[in-house]
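Structures follow.
In what follows, subunit A forms one complex with subunit B and a second complex with subunit C.
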Partner chain A sequence: MKRTTRRKFAGFLFVLPGMMAYLVWTIYPILNGFYMSLFKWNLNPKIPNDFIGLENYIELFQDSQFYVALVNTIKYAIITVPFQMVLGLLVALLLNKGMKGQTLFRLLFYLPVITSWVVVSVLFQYLFATRGGIVNFILKDVFHLIKTDIKWLAQTSTAMIPIYVLGIWKGIGWTMLIFLAGLQSIPKQLYEAARIDGANSWKLFTKVTAPLLRPTFVFQLVMLTIGGFNVFLSVFIMTGGGPRNSTHVLNTYMFKEAFEYFHFGYGAAIAVVFFLMVFTISQLQRRFLKREPY
Partner chain B sequence: MKKIITSIIIYNSLILGAVIMCFPFYYMIITSLKESAYIFTIPPQLVPDPATLKNYVSVWIEADFKLYFWNSVKITVPAVLLNVFLSSLTAYGFARFKFPGKELWFSILIATLAVPGLLLTIPQFDMVRRVKFLMDNPLTIMLTSGIGSVAFNAFFLRGFFEGIPVELEEAAELDGCNAFKTFWKVAMPMARPALATLVILSFMGVWDDYFWPSLILRERSQWTLPIGILGFRAQHSVQWHLLFAGTMIAILPVLVIYVVFQKYFVKTVAEGGLKL
Partner chain C sequence: MKKLLLVVLVILIAGMALAVEEITFWHSYSTNSGEYNLLTEKIIPEFEKSFPEIKVKETQVNYDDMRQRLIVGTAAGALGDVIRMDIIWVPQFADIEMLVPVDVVFAEEFAEIEDSFLPGPLSTCEWNGHYYGLPLDTNTQVLLWNKKLFEEVGLSEGPKTMEEFVEFAKLLTKDKDGDGQIDQWGYADSGLGPWNSIPWIYSFGGYILDQTNQKAEGFVNSEGSIQALQTFKDLRDAGCIADTIVGGGGIGTFEGYAEDIYAMILAGPWAWPIIKGQYPDAEINAVIFPAGAGGSRSVVGGENIVITETSEHKEASWEFVKYMTSYEVQKAFVEVSQMPVLNSLVEDKAIIEHPYFQVFMQQLKTAVARSPHPGWNQINDIMDQAWQDVIVADYDVKESLDYAAEQIEEVIAEYE
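Let's turn to the complex of A and B:
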């Protein structure tokens, strides 16, 4: 066999196992997800499923519980994304001054990122406990900001707050790291030149740092928005969608429909709508924000 | 003088930030060392007195965390090995060979990266539940975690393989190595930093996974740590001292792996912009 033919064959063999696994475990389920959303899918695999066309979608768009979940998901993204970015940038700017102990600080800020959602969600549930929770203690007994304990997770008006706080707290380490890499890639000469021209620190930030970090901003905005829409375990664990179904997000609502009520077709329809939304938003953000920085 | 003041301000802000970020962990650790009477005292104890390791012994033995821990290990170790091996094979194939449809396949791979896991779960579950053997079987989780995220990993590793000078591999080939041997003996050792990162990512992904295993492993004897933690919480809702001893057991292996590989990890996350 000629060498090129042989190498073509070898290359094919290299990717074959991975691609097979990928076809069976990713491509097929994606297509099947769209397909299932058109059926009243039966719990018993032996009974044929009823084709109902777009009925799941029609029902979905009249489902008030779906809108609650949708609004909560969007609110979660709108609230947590900017906080993660601003705070992460702030820490990165401080760390970028080249002080001693950078590695240690980086590790400490990064700890929440590498801790599993299950653990931190359980932990925050304890911190935000109504009676004897440390957050209420700090607010009431240390700073005297409130008179009575707040029932954080037990009342509709405040139940989302611990979930937002957790999302922001867990995300800062990641934005910090990405901003730090972005900051370190800015050539030092630019700052020197600007300083010679008489720019102060604020000018340096707005005229040099910020424009050069633009690609980093866009990247983070897209990734964090997608991540925000995928919020799941924190809500699932801390409130379970309650009180009175007020904190459901798309993922928990999908879980409830599919794996508690076994409405697989309906759950698949939620998943499809969710996917189309995330896809559209990330495309829009890319298009509107990814202009050349100069 | 002005410089000293600035650096004091910077240090103080960083320390304040780090304290806020780490306080929840500190509070979890000390709670896991408290006796049950002290978990909801006002004011809360910030140093456990008396401190005890009893809770750890108790969850490890009585609350079956020993079982969950070994279940997690038995699933995670083979899954990570399979995942890293399969991903490197695929990435190497894309990096070093030319075959028909290569770039098309690769772009499909990338296009599906943005698909949320949610869209996959229902059809995947529907596939698994049709085969009785696969339900309540840790082998299922091992396999599905092992082949999961191959798309992302291949995308991530391809660049690293392309960055290795090709001459070494050509020399190995001239010496009579076949393609697989070249890959295994030459390319893999060179890609060690990237592989180390992949091991961490893959380990955290499998070790911490709750949702998918909880759908498949319904029998208590098969539970992994995350399922065990939430199962324990559901049963003993206010036994926080015990619960946090359990979560500490779940965190420790991740922490050890992270600290050991920190050097590679931070660098690749920053450069590649990996999202966890």
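Let's turn to the complex of A and C:
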């Protein structure tokens, strides 16, 4: 073997384990999901599956419940992503000042991120309980902002709010950490130079910090959007899609169709549409935000 | 010589393996329960003693993980031989041909024991004219009433009729601290799905499906079904039913009952250990569900015991299934508070002397099984939605149920 070929071969060997895992656990399920979506898929492998072409997709696009889930998923991403980023940035700026006990605060803000979704979802159910929930208690008895208790999870108009709040609260720690890393990579000299030029703190932020954090922003935007579209456990546990199926998101709806109703082909069709959507949006985000800032 | 030895050894091992058949039994008895101890320390060892050629390996799967495990096991063709399965899953797994129709495969023996089972639980094994397992344990829900709250308004007994129930519920709903908001409710339940609504629907003389489980139109929207939902809605509008029915969160029905917040709740036999565990001093009083035009009806819950099609030891599994549903084993399980499925145990001393089984056994005589249908999960959600439409969003009762009938007919058509 020639030396170059051998080196290429070695490189290939190094990539192989990761590549295999990616092919087996990511690419194959996606392709298989697409294949399944063309059938009236039966869970029992011994029963032959009926090929029905695009029927699952035709039904899907006429399914009003699918659109409810789709809109809820998009709304969840649109609402939670900016809040997580803005609040995470604020916390990061505060904790980057070198004040006392900041390691403790960093830890406290990061704790929700590593806490189990199941635990905090159940916790939020209690916080947002109509009677005896602490949120209503604060709004009604402490601040007198409302006259009667709000039925947070028991009415369609407010049931998504606790889910948004949970998503934002749980995500701030992560955005904070990434922003902190971004902030610490900005060279101190730039601030010094700007100050000598007479910049105030607002100018420092808009002219130095913000532009240099741009790659961090882009990274977060893409990651959080994908994460937002993947919302599942909080909805599954807090509302189960109710009341009146008003809080279903794509993942809960897909889960219900496939695992509760045994409509595996239909569930796969939802997954395929979902995949194409997330893929397109991330590609668009990458394309439009790729430009280097300086 | 060496070769010969090897051959002899192989034959010996193969012979031993053939002599002892091992079957696996999947169940979800929690490992710290009396049922689990009884099963592993007494029931299985005794079975193995009487059938030395069969070995039973029990595998515990948490109830919440069981369905997932069954789905994965089905797809992979690797399921336990015998499974203790929630009654409402049986038709769904029967429909995809994963369960052995015991009335066909073991026809003679099945015919012999068929009549020994309570009809309600037995009906949950049936799909498409065949029986895909035997009932293993059963339960139902009855009405708990809070004596302290009842006495406060001068009542001394739980309601017997629907009229009484409505009257009591109104008397027992109060704004105690005078802030303009109700803080004591006449009735509370944990949801609006059929598990919660069947007692209402059937006690009012209504239905979800017909006897054959093939028709919804004219049944789910029958006069009785409409009246049940209308009465429930009127009570809810009068403030007598707590938010727990629509997922308001907060204080659960058991806790609220023990803490004198809910005067009446619907509860199964598991309520006793849960309430007593948290509130050892709580007094629990139960009556059968208040009777309406359809009598006092409640909903059947429980588990069936099934044999999987993937099993390579169907005969041995059947022996174990028969054993688990035998008089002795069923009676032994009563001692650890599992309700039996045999007619012969209804009047048994073990039941009569049990602290709270009697009211359940009485209720079981008229309890209704959720329709055994592979599309039940969908029917369940359609019913839940219809009730929520009325209770949460003020939809017209008849219109909602008409729409439910239409949707359920579509589900039934899917399985024809």
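Convention: the second predicted complex is superposed on the first by the 265 of 294 C-alpha atoms of A that agree within 3 Å, B and C clash if a C-alpha of one lies under 4 Å from a C-alpha of the other, contacts with A are read in each partner's own complex, and residues count from 1 in each chain.
Everything below uses one rule, namely that a contact is a pair of C-beta atoms (placed from the backbone, for glycine too) under 8 Å apart; a residue touches a chain by one contact, two chains touch by 3 or more.
Remember, it's a predicted structure, so these values are computed and weren't measured experimentally.
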{"item": "Clash or fit, subunit B versus subunit C on superposed subunit A", "value": "clash"}
{"item": "Residue contacts with subunit A in the superposition, subunit B compared against subunit C", "value": "B"}
{"item": "First, second, both or neither for A:126, with subunit B first and subunit C second", "value": "both"}
{"item": "Touching partner for A:45 - first (subunit B), second (subunit C), both, neither", "value": "both"}
{"item": "Partner chain(s) touched by A:96 [first = subunit B, second = subunit C, both, neither]", "value": "neither"}
{"item": "Touched partner set for A:33, first subunit B, second subunit C, both or neither", "value": "first"}
{"item": "Which of subunit B and subunit C A:285 touches, first, second, both or neither", "value": "neither"}
{"item": "Which superposed partner A:259 touches (first subunit B, second subunit C, both, neither)", "value": "both"}
{"item": "Touching partner for A:148 - first (subunit B), second (subunit C), both, neither", "value": "second"}
{"item": "Part of subunit C, among the options 61-69, 133-141, 169-177 or 331-339, whose backbone runs into subunit B after overlay", "value": "61-69"}
{"item": "Subunit A residues contacted in one complex by subunit B, in the other by subunit C", "value": "45, 126, 129, 131-132, 259"}
{"item": "Contact set on subunit A toward subunit C in their complex", "value": "42-47, 125-126, 128-133, 147-149, 151-156, 239-240, 242-245, 256, 259-262"}
{"item": "Subunit A residues touching subunit B - in the complex, by the definition given at the top", "value": "4, 7-15, 17-19, 21-22, 25-30, 32-33, 36, 41, 45, 91, 94-95, 97, 99, 105-120, 122-124, 126-127, 129, 131-132, 134, 137, 141, 169, 172-174, 177-178, 180-181, 219, 223, 226-227, 229-230, 232-233, 237, 250-251, 254-255, 258-259, 264, 267-268, 271-272, 274-275, 278-279, 282"}
{"item": "Interfacial residue positions of subunit C with respect to subunit A in the complex", "value": "67-68, 71, 74-75, 77, 92, 96-98, 180-181, 183, 242-243, 246-251, 374-375, 377-378, 381, 384-385, 388-389, 392-393"}
{"item": "Complex contacts: residues of subunit B adjacent to subunit A", "value": "7, 10-11, 13-14, 17-18, 21-22, 24-25, 27-28, 31, 39-44, 86-87, 89-90, 92-94, 96-100, 102, 105, 108-109, 112, 114-127, 129-130, 144, 147-148, 150-151, 154, 178-180, 183, 204, 207-208, 210-211, 215, 226, 229-230, 233, 240, 243-244, 247, 250-251, 254-255, 258-259, 262, 266, 269-271, 273, 275-276"}
